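Here come two complexes built around chain A, the first alongside chain B, the second alongside chain C.
And now, the complex of A and B:
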């Protein structure tokens, strides 16, 4: 009876709670999208809100307290933190998830809008923020110092609503650590921020072994204030945690029972029989696009441990983007809902379910070994073409100087792309801005210049990195080469890392594509980042600081001594002046010695 | 009378021919080998962080686009160079004007050397006349040696801004010899403004212009003369600095141009001894050794000025040699200036003891230096020690030359007192 009472009380309270926290909700969703070439994109999204007034009263509810206190302490209005690894293969995988808004370049990226009266105060708060986040996320964020921090002018716009902020007291700072290796120790604190701590719900699928084995992965944390349209309630502070990963299905499935990669026996190979040289002893591997058959437990190593009880029941926790023609099997307790577009379906999970499993079988109407190109595409959702392809690489050779070349390709046949290209480079890459050049492949364009606006803040040795923002455009169906030269400087030997000959990581370039708004202005619609680069600097010999100091000092002493020897002394003929010879030296030494001996020796008196 | 005039006319004709020949050679190198200027500009032996033409272009680009070139780590050259080069037609469109400017500067320097040699100052200063002075080279030979020195030609093609300093120093000497102390001081102030180290040449230059004052307007008191002329240098420098301030709008050019030379924040390799020493230096001793190196550089000024009081031009020559070895960012441009000044002392060459050794070392390092740099930077089969070793040998060879010249000049002076010792073996006690 008592138990029953407490249960009913609890349910009553929880009902009240639900009413109270209409604004402070939480939801999570996993979207699975098979990609060409046996890849699977898994996008995890967790979002929770708390009202700004509750946040300021230290009433955090779903908002993680540890992060909330740091944000309050550092006066942060909006925060974006990214941990990324790998490369998004836009040529085969198409457009990026979330239009690229939830990804970072390789390593760690952090940008935030801080509220401060002066630049110095903003720098100070930024230092506080990076150091605190460094402790919270077990990442080397404290190494984001002045040389790695920039203040972007055009590239980043606040995502949230800042009604009472002015330009003078809100400072955007951007820091990037391309050398940081993202790993399990960053995932654990990430999961701890979630209300269900990764114990239930879709977060239970996340496992360091699978996440960091992915071809590409990006963990993102975004905190921003969101205000409803005027007069419709209170502003809320929203935290969105996102994990996107591209798993290689073949690779993910392999460790089960056969952890060591071994060649497959001949009869298990999937060969492309359309090749003219296909025969019993030759095999061209068939494109495994349509062969995708997997289950959650195969690709993630485990099943979903029920649903997080705090999540909004109206948001289906798992969605799968495959054409309706494919059949999907789910375990008991799940409910499939196909969407209108015919290209995706979502699954609702009943609260009592403890294990939710999803199985995507191989398309049954086609024999797996005998596929034709036209039919392959229908079995997965065709990836969307991105607005722009970008590749960046170094040119030149040697450790003295080099160039950076970015190839920007606009695939659209009729639409021009306008974007902002941002680089934040380390100070020891001395770039020569007068060599910056944008040219269209196959001849110059006769109308508007490609580069429309440049914002450049040169590097200061050991104090500040280069910040380069270029607003430029790429005409339809053309390729633009953006190039500039730089010089590599030699550092003091204490400034080299222990693995000096590995090279220095150069952060990814951030490309923000602009699209015209209704009111004539342009705003960011799509982001992409190039890969990071590895720049090798000339190195001194680390083994011989003493030798160098001694040799140089000797050379200087020889010059100084030789010079002053000539200046100070008098000339005499060779036979003039006091005698300096071995004989005279001997005399000088022998006479006093004899005297001493004479005293010591007891001679006859 | 006619003969003398005719001789003078042929000399003028010959000299003009020499200048035209040198100009044509340079112009031909610029135009026939279009890749050569950029290749030489990129050489560390020619372009240092404080003189590089590529950095000048970057500074100019930033200046033209209203970005302060001193708010960055690339441009470390004097602010007044910016409007000068901004006045020239754009280098990218019409490079020939820049080429002509550099050729003109080389010719001006050569003409200054011509005048110095013709004045007879090297052999016979106001206080001392060498018994060997007849065995000297004329202005034509000196100018030809300067203009056709491979180091000078390479410098001209590589277009570092050190040529402006060279020209200013040589003209300061010419003015001092011709009895125009104010002109000398103004030229020296320009040189000091461009690259700072020529300020150390002030004491010998003061003495040179004091000795060579025109009889009519001579100041008897050395202290008064020195005070007046130091005042001239200071006021010209002050004027140049305030013009720079007006151009750039702030004083941040001071730390960026002179501060870099004082603190050696840019450790780009060059032919000097500083860069590798400070790459390898322990951080806690860095400032101490910077002070020691600067003190060492300035230690020679007083000693030489006092010891060779009777021949201030010798002191200037020796100091130029010492700067070519021991200044923070030396290049072969300083070497070409020093060699030109050494050639003025043809008459003491017989007294020098190591001419063959020095010539061999210079040849050896000239060829091996670029090869070892290539092995380190491009081939990867050598390391930094290869190039460092060559700069060490280069420094030792040059300091041997400087010491040897000092010895020869002092012995020349001594043999006036002891004429019977000519050709005899001597020693120093």
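And now, the complex of A and C:
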């Protein structure tokens, strides 16, 4: 059933894709999927095309001019930009949307295929690209310098068609900024790139307050050339903008004016009545998935303001993935279409509609005694199990050395997972490659090595970071620990960022799962990223330079003063020296003072 | 310092068994000095202080033994050598390591350029006279007379018209045999009346004259010569006015300043110069279709540009290159929502925050042409006063020019228009074209080729003056801020600028001059905006004190005190010697 569902979903998306590239230049779609634990996944997808000839003639219609000019100026063939925030809870939410292809690690991630003759030229164009994008998206992308840029060898494959590309003139560069905080100022330029500008269509739901309040969100921009098969037409340049967000429904439903959570009155609590201790004054909260009810205006704060008139009429703008058994209310002007699989439905919106509202009521309450564990789950589409679970953390203690441990778990009972694990570490984490090891929990069970291939490019201090790509496999139903040790460098005084005691962000590891293709090669089918890490380095006291000045000066002055006095002064017996007493000091002070007073104050006459 | 307890002389003589105490009548608890004959001052105050208070009540105060002369001399040497090291080694090293690097700038020369003393901008314009029907001598005579008349008329020495006779051209299709250096060719053709017409496609002034107006070889004046001179003068009047305006706004010395520029003329010229964009070899033209609603979303801009704008761009191509991009933006809300826009609304109509009109990437400036589809109209002041008068509305132009930025054109279309056709775009594009010419600073009168050659001369004068004034600013800046560092790249930039300025000054008026002026201007700007100059601009004195005081205070006090004591002792010795000398004399 799970396989069937995933298949139908996949085929649905690929069908959309095929239809769209052929038919229209712009389409947009919002897919809503309730998740367990009172969460809601909202996937916004906007895709527009321009023919390559119009792009090269600088005639922009759906493709944004600002981005198009940057791409032309930097000689970019294909571009992927990600702004992400939060953590995807794979244990409860299951597989990632778009198979993980449209998400990035926390912060900003950028990778692009550039057309350049030499590596130096590619670096130069990359610099142009990052600087221009940083201006366009109000993000610190210009801080992606040599130390944060890598050239992945195995992890990334181009998504578009590059008929004229060769290995020598196409360069893949990858940069990541884990420290960047994604916020409203990144959403505004994102919306400006859309033909309907967030004023009509599903983009009118997007609002910085809700988007960045989400448990997890990822904004993606993908630009790639797409060519029709065997010369059926002109190649097009496609820009796909995606926003995925997981909203906490309880949190989103809080009114804007009263955002502080308060305890519910007793009669509004949803209690699990099956508990033996359930009574009038005792309540075990029921699994909130069973009680999910929401409407668009509650969750997003507004309704959909009509449809964008440019969008392809064949693609329904809103889809909702709930079982057919649940009823959904929509406002006038909408038309519900249930899909074959019984697990999703889409809504057409008539062009004249100005406000489209969708309401998912609480499922019909079953009598308490009929309520069983199995039935609750039927209220939402059960999440698909991901191919791999991954989590990464620091081990060790102290300020000198540390270790990184990644736990990779294959949930499938019968299928092995092969993937590429890529880390791009900052240069001040000097890893010891000889300590890298992969072990299966409970000792080795079969003969094949877990690590099959390692690509390692060591760091150069202050010039480039470490790049580590490991091709490895995890046998069915087992957990693999990948560990390595590293040493922390001591930075120069000026290299510490403001608030250095917070620690240094280490970018997420990128895991690309490979599956065999039809023609025998292996290609990426699923991506996931671990969380980013916070590495604390030995941090000096930043008043240090002044302290050093004072301290050395004092030492020098003491030594010098003593030496100078010994050389210069004459030593005599104690009773022979000039008398030093309180009286004589007083005398010394008083005499000149009196003289000054006498001069300042003329006599009484 | 001695750790031993001081020993009273009398008792010590009896009881002490300590080895350090000498049984002498002058027994001392000595570390350093031994008794000597010379008078000595006790420089130390701290010796044995800890115990002296206990002896305060003993009335007879003992004097330390006199210091040896050699010891006093040695102390003097020690103090002097310390001071020698400080002054000869310490201070130079400190000075050397803490001075800010300031490359040598030719400040005087730079200021000369800024004041216009280094270069006197002269635009020699050569004007060829083609008089195929005249005898050589007659023509020469006419030329001489016209030149005289011109020189009499001209009040501005910077702009000089020089006539020359061009050899009779055999064919008419080669009207400009002298190549680029001739600004204008006058073709004298015999006719019935004296008329002048400017050829609209080439820099040629056709003058027809009745045969009897040819001056004889001896006559000193001629109506034809005066007519030609007047024609020439009126042709170049605007150029002259603009150049003299440019010179007057810059700090040129007064003798070069032309007179006769009325305040009104100056004001209109200043409006025009502020309106025009800064010179650049390339301009980006961005055509934007903005609609307040969802429609229309496409336009035939490419075809329209080819038809209505391309010819002018081709003509401008020797001076400027143009790149073109176009975009369509829906749901664009203007900054002002009024139905009728008045003058104040026009400046805030462009919604800079929301419309994606960011300048194009690359060094060239962007010129924006906006076609706004909406039903807003522009009302002029009179119209606003008398309310909405439908007859008057049609006379107002639906477009306005934003200085140094571009143009907005309002177009109202039926609601269901989805596509803007070439014919609809005709009027907007013609407006854009004429605005483009005024944005590039092209003069308004004369035929197009003449206007363009004038434009290149104005541009080179403008760039030359701009570069000179930047040089002047840099010189004044480096004089005004003695603590600013001047890296050697700035000095290089300055010398390159001046070299190119000199070349530009020599070849002013030609294409080469424009190129040199452009390089000079770019280099001057680069030198002025050198990044590393700004970084060290403010280094407060508090920081310097905080760094120096902990070291210099404790080290300096003993040094200074030692020196002062030494000087005091020296003066005392001298006085003693003088007294002794006086005693001897007595």
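The working rule: the second predicted complex is superposed on the first by the 511 of 605 C-alpha atoms of A that agree within 3 Å, B and C clash if a C-alpha of one lies under 4 Å from a C-alpha of the other, contacts with A are read in each partner's own complex, and residues count from 1 in each chain.
Keep in mind that, in the parts below, contacts are C-beta pairs under 8 Å (C-beta built on N, C-alpha and C of every residue); 3 or more make two chains touch, one makes a residue touch a chain.
A quick note: this is a predicted structure, and the numbers were derived from the prediction, not measured.
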Quick one: is A:430 in contact with chain B, with chain C, with both, or with neither? Answer first, second, both or neither. first
Which superposed partner A:572 touches (first chain B, second chain C, both, neither): both
Mind working out whether A:400 is in touch with chain B, chain C, both or neither, as first, second, both or neither? first
One more residue to check, A:538. First (chain B), second (chain C), both or neither? first
Please indicate which partner A:314 is in contact with in the superposed arrangement: first for chain B, second for chain C, both, or neither. neither
Looking at the overlay, does A:61 come into contact with chain B only (first), chain C only (second), both, or neither? second
Scan A:549 for contacts with chain B and chain C and give back first, second, both or neither. both
State whether A:282 touches chain B only (first), chain C only (second), both chains, or neither. neither
May I ask you to decide whether A:459 touches chain B, chain C, both, or neither, giving the answer as first, second, both or neither? first
Need the overlap of the two footprints on chain A, from chain B and from chain C, as residue ranges. 549, 552, 556, 558, 560, 564-565, 567, 569-574, 577-578, 580
In the complex of these two chains, what residues of chain A are touching chain C? 57-62, 64-66, 69-70, 73, 132, 135-136, 192, 195-197, 199-200, 308-310, 546, 549-550, 552-554, 556-558, 560-561, 564-565, 567-581
Could you please specify the touching residues of chain A with respect to chain B in the complex? 397-401, 427, 430, 432-434, 456-462, 489-494, 538-541, 544-545, 548-549, 551-552, 555-556, 558-560, 562-567, 569-574, 577-578, 580
Residue ranges of chain B in contact with chain A within the complex: 42, 44, 54, 57-58, 60-62, 67, 71-74, 265-269, 273, 275-283, 293, 296, 299-300, 303-304, 307, 322, 325-326, 376-378, 383-385, 388, 392, 395-396, 399-400, 402-403, 406-407, 410-411, 414, 418, 421, 424-429
Touching chain A in the complex, chain C uses residues 1-2, 6, 28-33, 40, 42-45, 47-53, 55-56, 58, 61-65, 67, 71, 75, 78-79, 82, 286, 294-295, 297-298, 301-302, 323-332, 354, 356, 358, 360-362, 546-547, 550-551, 553-555, 557-559, 562
